[in-house]
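Here subunit A shows up in two complexes: once beside subunit B, once beside subunit C.
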Partner chain A sequence: MLQILIQGLLLSGLYALIAMGFTLIFSIGRVLNLAYGAYLMVGGYMYFWVSQTLGMPKLMGVAVAALLGVLMGVLKYRLIVKTLKGDHVAVEISTLILAVVIQAGIVLVFGDSSKILLPIVPGVINVAGASVTYNILIATLISWAILLGLYAFVRLTHTGRAMQAVSMDAKGAAISGIDPDRINLITWGISGALGALGGVFFASYTQLSPSMWVAPLIISVAVVIVGGIGSIIGTLVVAHIVGFLEVIVVATLAPELRGVFTMLLIIGVLVTRPQGLFGREEL
Partner chain B sequence: MIKTALLSGTCIALMASAAGAEIKVGFIGSLSSDTGLSTLRGAEIAVEELNANGGVMGEQITLVSADTGQDPTEGIRAYEYLAETEEVDFIISGSIDDVSLGWLPRMQEYRIPTLDTWTSYIGIIDMVVEDPDSMAPYFMNIASDEALATLYINFGADVLKEKMGWDSVVILAEDTAFGEAITGLVTEALAPVAGIEVKEIITYDVATVDFAPIFSRAQDTGADFIYQVSSVNSQVVSSQYVKLQVPMAMTGVNVAALGMEYWEDTGGAGGGISTLSPVPSVGFRLDPASQEFVDTYQAKYDSRPLLPHFNGFNAYHGLKQAMAAAEEAGGFDNVEGWAEAMKKQDLVLELDGQLWLRYAFWGDDEVEPVTGRTYPHNIRFDLSEPFDDAAPSMVVVQWYEDGTAAVVYPEKYATGEFTLPSWVKQ
Partner chain C sequence: MGLRWFHYVLWGGLISGMFLLPQVVSNGTLRTMIFANYLAIFAISWDVLSGRTGYVSFGHPFLIGIGAYTTAILTKRFDVPVEISIPVAVVVTMIAGLLVLLPALRIRGSYFALVTLAFMELLYQLVQVIRPDLTGGTRGMSGIQTLTRGAANGYYLSTALMLSVAVSMWLLMKTRIGTALAAIGMNEESVRGSGLSTTRLKAFAFLTSALIAGLGGAFYVHYLGSLAPRALFDINFLFTIIVAALLGGTSTIIGPMIGAFFMTFLLEYLRPVLPGAERYFVYGAIALLLYMYQPKGLVELAQRGFQRLRKGGLA
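Then we have the complex of A and B:
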């Protein structure tokens, strides 16, 4: 039981980090960024290239991955989202296509065989019979730190409050003197950075592969649907529901059913509470 | 794009040296996996050597490829492409089990002589037993998984039970035909033959990337060790086992660990794991003929796999045997005649004056003494010491924590000792 609790907490922290960037875009831009998983993939591969292929410091690998995530987010907003001017279906289709194109690019550059990342922080401790790597422990702690930092940023800074305003009513925010375009640009940049960072930790926990963008995308979509258009706290809560659900299913039922209950949860929420468990909240 | 380039490159290179060729060989397998490439490259070298010696029946040989992407549906299309578009005379396969099972009905339909170098599924040999006419074109020159499992059980009895003192096991098996077959065979025999109780079988999806809760569940069974069966993404389960320092030994079948790239693929987190492997394996002493093949291979290719997997050797020797059979039968059109000639092929490779490897096939009614059954169209193997009739169906390979690997079982072929990872207490 304690093992489930520990592993559930660790996995959920990672899921919260992964889902946060996706939720941000959905809350502020009202867009399902289906290329979000590709941020994770590119972040993971960039970290691999910098730290393992070039042999540079791991922190530099993390920083380069995050910067590339920012760049991807900003470019995507400027070149695709803004150009399509609020046509959500077109944006979603184009982001999905972009993810597939990025996947092909990764195969071209790195090949399609899976790669295992060296742990960012090597070592393992045994807690109540559960083996816990320092890597996932650090990932979870950093995830919590980033989410708390993001929460503080949104609540306490002028830009953060502007993000809240745009998420509630973009036109109203514009009338109040806020530049929604600038806020969207910042949000896409932050989202890209969060995705890339999530990718570094997700890949170091699992593996690098050109198809690794799909699973995090499903997790992110699940968090948004189950949580509703969301708050940071709501994202954190739902990420824990999904994470614990997966660990409990694997530990007590069957590993093959790992993702099934998450899907059932999505369907159940869509049918019974389409607005999500937490409804519509401000950031 | 890479696959297309590779495909074109293969065709162009081989066709350039074989203008006017009339014997066409088709390769079916994954062009992006070490497994598939091993078979393809083994076949390429065999074709080059045969062509350099005048070809077969005075004709040059060409080799064309069809990529399966390790997907059964793509595999069916690939077989159809080779049969209908390329109209090949002979097919050499580096397919995994599920893919071979997909295209087998097409083989029965087109009746193209086909040699499988990787697939070991005993169910296919059973098909040969039950329906010899429609399966006449099919041969498998890797020991079937039943033979692999049978000898592995001996390893269980001799080493895991007797030497290590282990009484119980938990099986971690991927949800594939390969996983199901090996799991069934091992589960049936471990308790009665080796005296090792199977506590639980945990099956997982091949897309699984987080094994932490699965290892916790394995630990909860109280078993003495883990037996893993993994042919897809095997490096993930291995690396997480090492990263999590799971306090139980893990052995079994880990396909990623069959190649020299395993260490690199696991980011160096692959030590302490052992796996059964068909022969020749990593850490395997090679006879002079096999060593010569490796030397040629390494001079020709500078990309992974840097050392051919066992199926690369099978393809190299097997393709030559298939061509020799065609010469005897007057070509590939007379499938029954070719199959009869194929059964007579017998290549014995010696090391230090003793039989080391053998490429021959079981007779149709010949009963293997240990399992008490027949293995028509399957490579001849030996399941008991001193392995003087054929090579063992498998060896056990141990990867050490310094990145080296050795054969640890059976004793005749051993180049190292079976050891536990440093974090596992005996």
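Then we have the complex of A and C:
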């Protein structure tokens, strides 16, 4: 029981970090970025390349991954989303194609076989009979810190409040002297960085493989759909629902069924409450 | 229906050309063309629903997979003859299409795409866990009865299937129903405002799409003789179908066909140059660029080129 609680808390923290970047984009731009999973994959691989192939310090690897994430987010906004001028279906289709292209690119550079990441922080601690690696413990703590920081950023800074304004009404924000284009660009950059960071931790939790982007994408979609569009608190709550659901299913039913209830949750909520469990909130 | 003489000539030319092809080309090319035929069927099925009505489905592998699995399980595990199992598979696929349809009546846009994607992933996970003695679990099934022997026979069967699907869909789209479906894609509210039941029209589009997907999936699995969950319920497979329809040009019949053949042959010709998954890199990049700059696809490009040529000739 205690073990389920601990495992659930750890996994949910990771899921909250993964889903947050996706939520931000959905909240500000109202677009589903189906290539979001590919950010995670590129982040994970970049960390692997810098820290394990080149043998640079691990922090350097994390920083390079995050920078690359920012770059990818900004480029994608400039080259794809802005060109398509907010045609949602077109953005979804082209980001899906982009995800497959990135996957093929990863295979091209790193090969088809999956790779094991060395733990970012080695070591194991025993908590109430459950062995918890320092790695996932640190991942959870860092993701909590990042989420709190993001919440403060959105609530307290001028840029953060401008993001809120754009997510409520882009035209109204533009009238008040905010440049929605710049805010969008910043949001896409932050989302890319969050995705790449989440990818580093996610990859050290599972492993690196060219098809690893699908699972986190589904989780992000579930969190956003169930939590209602783009609220940080909703994202946090639902990440815990999804995380605990998974841990409980693995512990009590069968490990193969771990994703089934996430999918049923998506379908059920979309059909019965398209606005999400927590309704429509602004960030 | 506004059939003109050149319609008969063009379709007749295409049909006779495709059936005469085995006299000219090698067996290897024929095998590639079989895959192109099935991809064309799947792309037409996707286009009937998503290209016309604008409800983008990310779950077509779900429908195709249900058709394929139903007939495979019936023939292999219960020794049901193919003549019965394929129609049953089509009916089961249509019922599954209805399942997807129920939520779709309430939601649209991005959310519809997500529901269909979730259905596909759901089936992928369930098929491996529930009754693996029937579905073959993670490894899938092999040794499924095949309908034809040899490249030429398989080619004739798949071509006949593809062309009959294409011609019947083309005729259907010439009717008032086809016009109404395309109108839903442009503005659903005004279609409802004109006194048409969009619910019924959408249901019709879904069922037609599911029918073609089930038919294609069932025949496809009886051509391959094997199936595996990761090959069917896969985002790459979905990508192939959608890109084939988009590349050729949505809301046409010839578009998905051209797209499917273009895609299959491009992948085939890239094989010696780039073995492995790198082909998807080149292919995806081409698809992305084309989609960004000409969302209406190759058919539109060809039409524009043709018009420019005619104007140039007159001037």
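As a convention for this text, the second predicted complex is superposed on the first by the 283 of 283 C-alpha atoms of A that agree within 3 Å, B and C clash if a C-alpha of one lies under 4 Å from a C-alpha of the other, contacts with A are read in each partner's own complex, and residues count from 1 in each chain.
One rule holds in what follows: a contact is a pair of C-beta atoms (placed from the backbone, for glycine too) under 8 Å apart; a residue touches a chain by one contact, two chains touch by 3 or more.
Quick caveat: nothing in here was measured; it's all calculated off a predicted structure.
J.: For A:225, select first, second, both or neither according to whether it touches subunit B, subunit C, the two together, or no partner.
T.: Once the two structures are laid over each other on A, A:225 reaches subunit C alone.
J.: Please work out whether A:107 is in contact with subunit B alone, subunit C alone, both, or neither, and reply first, second, both or neither.
T.: both
J.: Just subunit B (first), just subunit C (second), both, or neither: which does A:205 touch?
T.: Only subunit B; A:205 stays clear of subunit C.
J.: Tell me which partner A:148 touches in the superposition: subunit B (first), subunit C (second), both or neither.
T.: In the superposed model, A:148 contacts neither subunit B nor subunit C.
J.: When the two structures are overlaid on chain A, which partner does A:251 contact: first (subunit B), second (subunit C), both, or neither?
T.: Once the two structures are laid over each other on A, A:251 reaches subunit B alone.
J.: With the two structures laid over each other on chain A, which partner does A:84 touch: subunit B (first), subunit C (second), both, or neither?
T.: Only subunit C; A:84 stays clear of subunit B.
J.: Counting only touches as set out at the top, which of subunit B and subunit C does A:75 meet: first, second, both, neither?
T.: Once the two structures are laid over each other on A, A:75 reaches no partner at all.
J.: Please work out whether A:2 is in contact with subunit B alone, subunit C alone, both, or neither, and reply first, second, both or neither.
T.: neither
J.: Would you tell me the residues on subunit A in contact with subunit B in one complex that are also in contact with subunit C in the other?
T.: Touching subunit B and subunit C on subunit A: residues 107-108, 112, 254, 256.
J.: Quick one: which bits of subunit B touch subunit A in the complex? Just the residue numbers, please.
T.: The touching residues are 1-2, 32-34, 175, 202-205, 207-210, 212-217, 219-220, 233, 235-236, 239, 243-247, 265-269.
J.: Please give the residue numbers of subunit A that touch subunit C in the complex, ascending.
T.: Those residues of subunit A that touch subunit C are 31-32, 80, 83-84, 88-90, 92-94, 96-101, 103-105, 107-108, 112, 210, 214, 218, 221, 225, 254, 256-257, 259-260, 263-264, 266-267, 270-271, 274.
J.: Which subunit A residues qualify as touching subunit B in the complex?
T.: 3-4, 7, 10-11, 52, 107-108, 111-119, 124, 126, 129-131, 133, 135-136, 205-207, 209, 212, 215, 246-247, 250-251, 254-256, 258
J.: In their shared complex, at which residues does subunit C touch subunit A?
T.: It is residues 54, 56, 58, 102-103, 106-107, 109-111, 113-115, 117-119, 121-122, 125-126, 128-129, 235-236, 238-239, 242-243, 246, 276-281, 284-285, 287-288, 291-292, 295 of subunit C that touch subunit A.
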